[in-house]
Every structure is written in C-alpha cells, then in structure tokens.
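Got a structure for you, questions after.
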Amino acid sequence: MEQIKAYKKIELLKILFVFFKMNLKSMLEYKFDRFFIALAIFVREMVSIVVMFLILTRFVTIGGWTMHEMFFLYSFLFLSYSIFVFFFTGIRDFDDMVYQGTLDRYLIRPLGLMFQVVAARVDFAAILGHGTVGILLFTYSCKAVGIVWDFKSVTYYISALIGGAIIQAALFMISSCFSFWTIRTVNLRNLIFFNCRRFAGYPISFYPGLVQKLLIFVVPFAFVSYFPAQYFIRKPDLDMFWNGYLYLTPLVGAAMFVLVYIFWRAGLKRYSSAGN
Amino acid sequence: MAYRADYYAGLINTLILIFVNIAIWKAIYGEDGSYDGVQLKIVLTYIVLGFLMQSFFIMDDYFIQNKITNGLISTDLLKPISFRLLVFSYSIGASGFKIIMNLVPAIIISLLFFEFLPPFSVSMFILFILSLCLGYLVLYCLNFIVWLTAFWFYQTFSLVTIKDALIAVLSGALIPLWFMPTWLYNFIKLTPFDSIYYIPITIYLGQTPSNEIMTCLLKQVLWIVLLTVIGHFIWKAATKKLVVQGG
Amino acid sequence: MPIIEVSNLTKDYKLNVRKKGLLGSIQSLIIPEYKMKRAVEKISFTIEKGDMVGFIGPNGAGKSTTVKMLTGILTPTDGEINILGMSPSKQRKKIATKIGVVFGQRTQLWWDLPVSDTFDLLKSIYRISDSAYKKNMEMFNELLGLKEFITQPVRQLSLGQRMRADIAASLVHNPDIILFDEPTIGLDVIAKEKIREFIKVVNKEKNTTMLFTTHDMMDIEKTCKRMIIIDHGTIIYDGTVNEIKEKHGKKRTIVAEFAQNINNIILPEGVEITEEADNKKHMQFNRDEVQVSEVISYLTSKYNILDLTIKEPEIESIIREIYEGGIDYDKTVSGDSEEVISEQLGVSR
C-alpha cells in the first residue's frame, strides 16, 4: 500500500484560493440579488444605530457616553463580525452543512474537515452589509474620540479586531458542535449570540453586575467591544473593572478557540459513531 | 428537540430584549425620574408593552413565498376557501398560539420583575385592546402587500428585512415617538406605521386625550381599508400573472 | 485478495424516544429517553477487484448505514471492514483518495457555477496531474457528452445531465472503488440507460470496483452480475441475479389471444387462468411442473390462436416476494454461493 503524501502548504493555499474564487464567482453570478441581500442586512443592522442616534439626539449622552463614543464602541462589533464572516462563514453555516449532508461529502474527501468547512464558504453579502455599518461608524467616530494612531495603538486595534472575530467564531462553533449530537441549536445560538451582541452594543457598565459578569466570563462579548473601545477612550466607568481586561481580547479569543476545538473533535467522533 | 428550543428561544428572546432596553433607558434617565415631563416609569411601561406586543405580532413572512416555490399555490388557489382567507387564518392561528405559549408567560414574568404600570383606566384598557387588534390588522395588511412580491421575485428576504427595519424604527416599537425630532414625528403621523404600536400603547398609558382616541382609532381603520384596497389590486395582478405563467 | 472485505459488521444507533401527548413531550423534554436500535447486524461479504455488485433492500434495511461505514463516515459498533488493506474509520482521509461516492439525491456540484468549476476544484483537492485530468475529461466528453453542458451553470441542467456530471465528478480522481447511492433516482428511461452504459464502460476500461444501492431493479439487472439483498440489517441473499431468477422465478405466464371467445377452456393440469379480457387470457404455471412447450402445443392444437407471448416474472416482483417473506431464503446457501458466482461470472463473460 503506497503512502498518501501529506498536503504541502502551497497545495492547501491553492485549494483555498480555488474555493474563494468559486465563492466570488457565484456571488457575481447573482450580483443584483446578492447586492440587495447586502443592502437588506445593512438596513437591518442600521436599525439599532438609528435608534441609538435618535435617543442621543434627544438626550445627548447616555451614562456619560456621547454619540461618537457610543458609535466607536459599536463599530468594533460590526467590524469584528465581518472579519469573522470573511474567514469563518462555514462555521456560521455548519448546522446547515450537517443537515443537508454536505458534511458527509467533506468526510469522503482526503482533506481535513475543519479546513473544508472554513474554506468552502464565504458570505459576501453579510461581509458587505455588516462591514459597511462598521466602516461608517468607525469613520464617523474615530477622529472625534481622539485616538492617536501610532504603532502601538494600531497594533492594539488590529489585534483587538482579530481577537473579537475569533471570540465570535468560537461562540458559533460551540453551537455547531451540538449539531454533531444532532441537536439543533441554531435558534438558541442566534438567540444567545445576537442578544448578547445587542447587550454589547452599549457599554456593559449600564447593566446590572450579573449581566456584566455574563458578558465577561460566559459569553465574552465585553472583549469584543467594550474593553477594546475603553482602551482608547477611557471613560470613568472603566473603574468598575480590572484594568487588565483591556489587554485580554486576543488571549480570550485564542483560549476559547482551543477549548472549542477540543469540543469539536469530541463532536466529530460522536458523529461518526451515530451519524445523522 | 427543535420545537423545544424554539419555544424557549421565543420566550427568552422577548424577556432579554425587555431587560436590555430597560437597562438602557435607566442609563439614559440616570438619577432623574423624569425627562421633558415624561416619567421613567411611563417610558419603561411603553418599552415593555412594545416588546410584549412584538412577541406575538411576528408573522410568518415566507408563508406565501414557500407556497410559490414548492408549487402548492396552484392547488391552494383551486380550493373552495379563498387563498387570502387561508393566509389570514394561518397568521391569526399562529399569533393565537404565540399568545398562549409566549405572551402569557412573558406578561407574568414582566409583572413580577419589571416595572410595569397597569392600564390608565378600565375603559382605556378596553380601548387599548380594540386598538391593539386594529394595529395587528394594519401590520397584517402591510405585511400581506410585501408578501405578495413573492409572485414577482424569487426571494423576498431583502424586501421583508427592509420592511421589518422600517417598521422597527418608524412604528415606535423601539423608541417612543414623542422622543423623535418633530419633523420625523410629523412625517410618521402621515404613514401607517404609528398605527401599529404607538397608538395602542399611548392609549394604554392614557397619554392620548380622550377626545382624540376616536380619531386615532378611525385613523387605524382608515389605514386598514386603504391597505386592503391596495393589497386587493396587487393580489389581482399577482393571480393574473400566475394564470398567464400557468403556475 | 478481495478489494473489500467486510466481516461481522454491526452498527447500533441510539434513538431518542418521543412520547405522545403534551405530558409526554414535557417528560421527554426534561428526561430524554433513549433506545438502542440495531441498524446492521453481523453482515459479512467480500468484493473482488472489478466486480459490480448491487446492494438492495427496502427503506431502512441498513443499506446506507453500510455504505457510510464503508466510506468511513460512520464507525462500526462491531466487526471489521478492510478496504485495500485499510480500515475506513481509522484511515478515512487515505481511503478517500481511493473511493468515489455518488449520491443520487445530493449533488456535489456547485449549484450556481458551471460544471467545469467543480471539476477544477476537485482537480486541486485530489491533486490530479494535468495529464490524468485531461485524459479523464476526454473520456467523460466522449462517453457522457459532458462537453455539451460543461459551461452551463448546474442549476440550468436537466436531472440527467446533472447526474452524468455528478458521476464524472466522483470519477475524476480515478478511484479504485465507486459507491453509488441511488444513481438513477428520478431519471427518465433514456437517461437511466445512458448512465448504466457509462458505468459499464468505466468498469470494463478501468476495472473499477462498483457497489450500487438502488431501488430500481433494472439498474441491477443491466449492470450487476451479483447482488446482495439486505433486510432488517442482515444479508438475506448474496448471489447472482440469474440464480435468484432461476430459483425463485419459476412461474411462467402465457398470454394468448384466441380467434374467438372461449368460455370454458380446458387446460392441462397445473395451469390456471389469472386474467381474462376479451379474447385474451393469462395462463400461469410452474416451470418445474409443466413444460412451456407442452402448454403451447396443447393450446395450438386445440384452439385457434392469433397471438402468444411468454412472460418470465420480473426480478422486481421476486424481490418484493422475498421482502414480504413469501420466499424463505436459506442463509447458509447464500453464504456458500460465492464460488458459484465467480464461476457463473466467468461463463457469462
């Protein structure tokens, strides 16, 4: 029996590229349709921004936060989410893959499952819809909140966005893992994810202590928006929390991802023993 | 399993939304109990009521689209019962189910944990229920028009989502209309959107002067009639298109 | 050495037990109850290189569970599978390069893109060399007419075209074994025929081992010499298609059209009328008891006959009878029939 060679990095990169090209092509095949989906996502996401805008036009500040500061905080959520979707659409849609049998197809290919799940899908409409909101908010607010863009702050900013994206990827993956046990958690996941995201659109200092702890330790959205934003704008309500949290975003992301990956392996094992 | 999760999801969703919004409005008000003469208690009741209403005002936006994609529409059209009546009774039935499964527990929990004012008076409560039903019908007629676009478009996701977004902002479901800039407030008054949430809630709160209530209810009825007429013409065009294309 | 060796393969599933009624659903909501279900029980078979084997059985018999275990998607509860000296569940990725799977109900083609794009993707996934790729594509063009629609988006293809493209996609990496799961489902007669022809040619030219699961007995009759029938998780028949016909298809029917209506026809013993319409009569008998020629000569000598046909039972009705328990198949016989099969294969080739 001859040995099957392991894939070289360049071969894997090429496969990634082919997948990406195909995604791009199928999007262009339906440009108008996808454009309107992106527009719809944009409008949908703007609802909370418009509501926030209306409230702040009337009340000027909420809990000491101005409109610029609030929008800066919110921009982290959108930007990191679109980064997450850019790289991990497959993880977001994993439930579908299990139920439609795509997973079985991946399992009869000589590539790693995770690689295929991640490589196979890119949802451009969501990236565009969320990304536009994020960029809008960021450009509107970044000057006004007075950030000095030097090497240190740029490095922090980028690592915070990537860390935030990975935290969200890990959260989605937990729910994906359940589908290995044929437990459908899409609704529950959407509920937890998008509601916590809603929480995280406002400074967590607005909430009762229990909710704050939830957003730091359980569904750590505080590290996606609040702490990265606070690193730059340092509103006094930061005193409520340990200062070290400001720097933990990438670490929390990495730790969660490792833990969830272990869970994923267990799920895959269980899937192969029970099937769909 | 799926239904179980769905059931809890719907209920918990409503409660979480109420909870977040209460926290935000408390943060907005800060230490003061009132702003521009509006008491925090009033605002909180408004918000809670808005979300409770939303929890059973949610309709299946893809019912007609699914009927068209899977081709069942042609057989449905041949049935002795009118298709429009079928869609309407389906929506009413689903809402009825949500009232029992979601709304009742949500109300009980809201009464226990959230600051929630009772209706202004018994007569206002009766008028509120009437206005609530009318609000539901306004929303239904509006939705029905959007759903009908499925006869022309393969996917109605974009339109439905944009419709939902407009309703969310303009109907006063998320923010009391009285906090909006005057120009926007005046604009919304000319649209059917305030008939859906704002009018019933302000009646409940006793914020609408008694002499204006009749006008408000009449406005709701007027919108129902107008939207029904528009919906009727679009429906005629839609069925004509279906016949021409042979389903 | 056989290319596929399966011995005492067993698979158990854990099933969630649902209770009826509101109280029941609340109960299973809080304390879920499980039940073990045996989907496949101790099945054993071997397949030689280049064989074409039909794998049939009613819904829920354990066919697709077995196929999934062969591909490594599912891990067996017990027993062993040996494919090319490897265990699928332990060496899934390695075996993947040697196996192609065609799911009739699910496509692996990209719905919105031209067929050629999926082939490009598969070329890089399976690391197929340019020359091998070109050679295969030429063969697909020639035999499947792939060229006609390779630039069209998959969603615009007819089901037959899509299926042809799907089969080609599963073959592009030159697998040693191909598993077909309902490859002709929903196709019209011509499309089915085209696909069967292609499958036969591939088998002949590349000596690819093939295993089919299907509901369409014609698929099996036209392509396979051997078939395995599985029911309730166990193999109830493993032998040639001819043999099963030989053994269980003993009934013959003569359909005769008489010149005039005959009310009280007298037939030889063992022959009975099963259907009558106008001047046509269907007469059935057991081949072992009554000779066909006897019946014919009897009829022609006694009556004026305009038209006459002899019908053999279709394999489909035989299989149905086996499922329904009408035919009690002796398992020990099927176990020993392997040598017989290869002999017969040799003869018919």
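Things worth noting here:
The first chain written gets the first letter, and so on, giving A, B and C; residue counts start at 1 in each chain.
Note that a residue touches a chain if its C-beta (ideal position, glycine included) is under 8 Å from a C-beta of that chain, and two chains touch if they have at least 3 such contacts.
Because the structure is predicted, anything quoted here is derived from the model rather than measured.
Centrality by C-alpha centroid: the chain sitting nearest the overall protein C-alpha mean is A. Comparing the CA-atom centres of all chains against that of subunit C, the greatest distance is found for B. Distance between subunit A and subunit C, defined via averaged C-alpha coordinates, is recorded as 46 Å. Centres computed as Cα averages put subunit A at a distance of 30 Å from subunit B. Spacing of subunit B relative to subunit C, judged by their CA centroids, is 54 angstrom.
Shared interface positions of subunit B, i.e. residues touching 2 or more other chains, are given as 1.
Against subunit C, in their complex, subunit A makes its touches with residues 1, 4, 7, 11, 14-15, 18-19, 22, 25-26, 29-30, 100-102, 104-105, 107-112, 272-275. Touching subunit B in their complex are the following residues of subunit A: 33, 36-37, 39-41, 43-44, 46-47, 50-51, 54-55, 57-59, 62-63, 182-185, 187-188, 190-191, 195, 198-199, 202, 206-208, 211.
The touching residues of subunit C, when paired with subunit A in their complex, are 13-14, 65, 68, 71-75, 77, 84-86, 89, 92-94, 96-97, 99, 101, 103, 106, 108, 110-113, 117, 120-121, 124-127, 153. Here subunit B touches subunit A in the complex through residues 1-2, 5-6, 8-9, 12-13, 16-17, 19-20, 23-24, 26-28, 30, 35, 154-155, 157-159, 161-162, 164-165, 168-169, 174-175, 179-181, 184, going by the rule given at the top.
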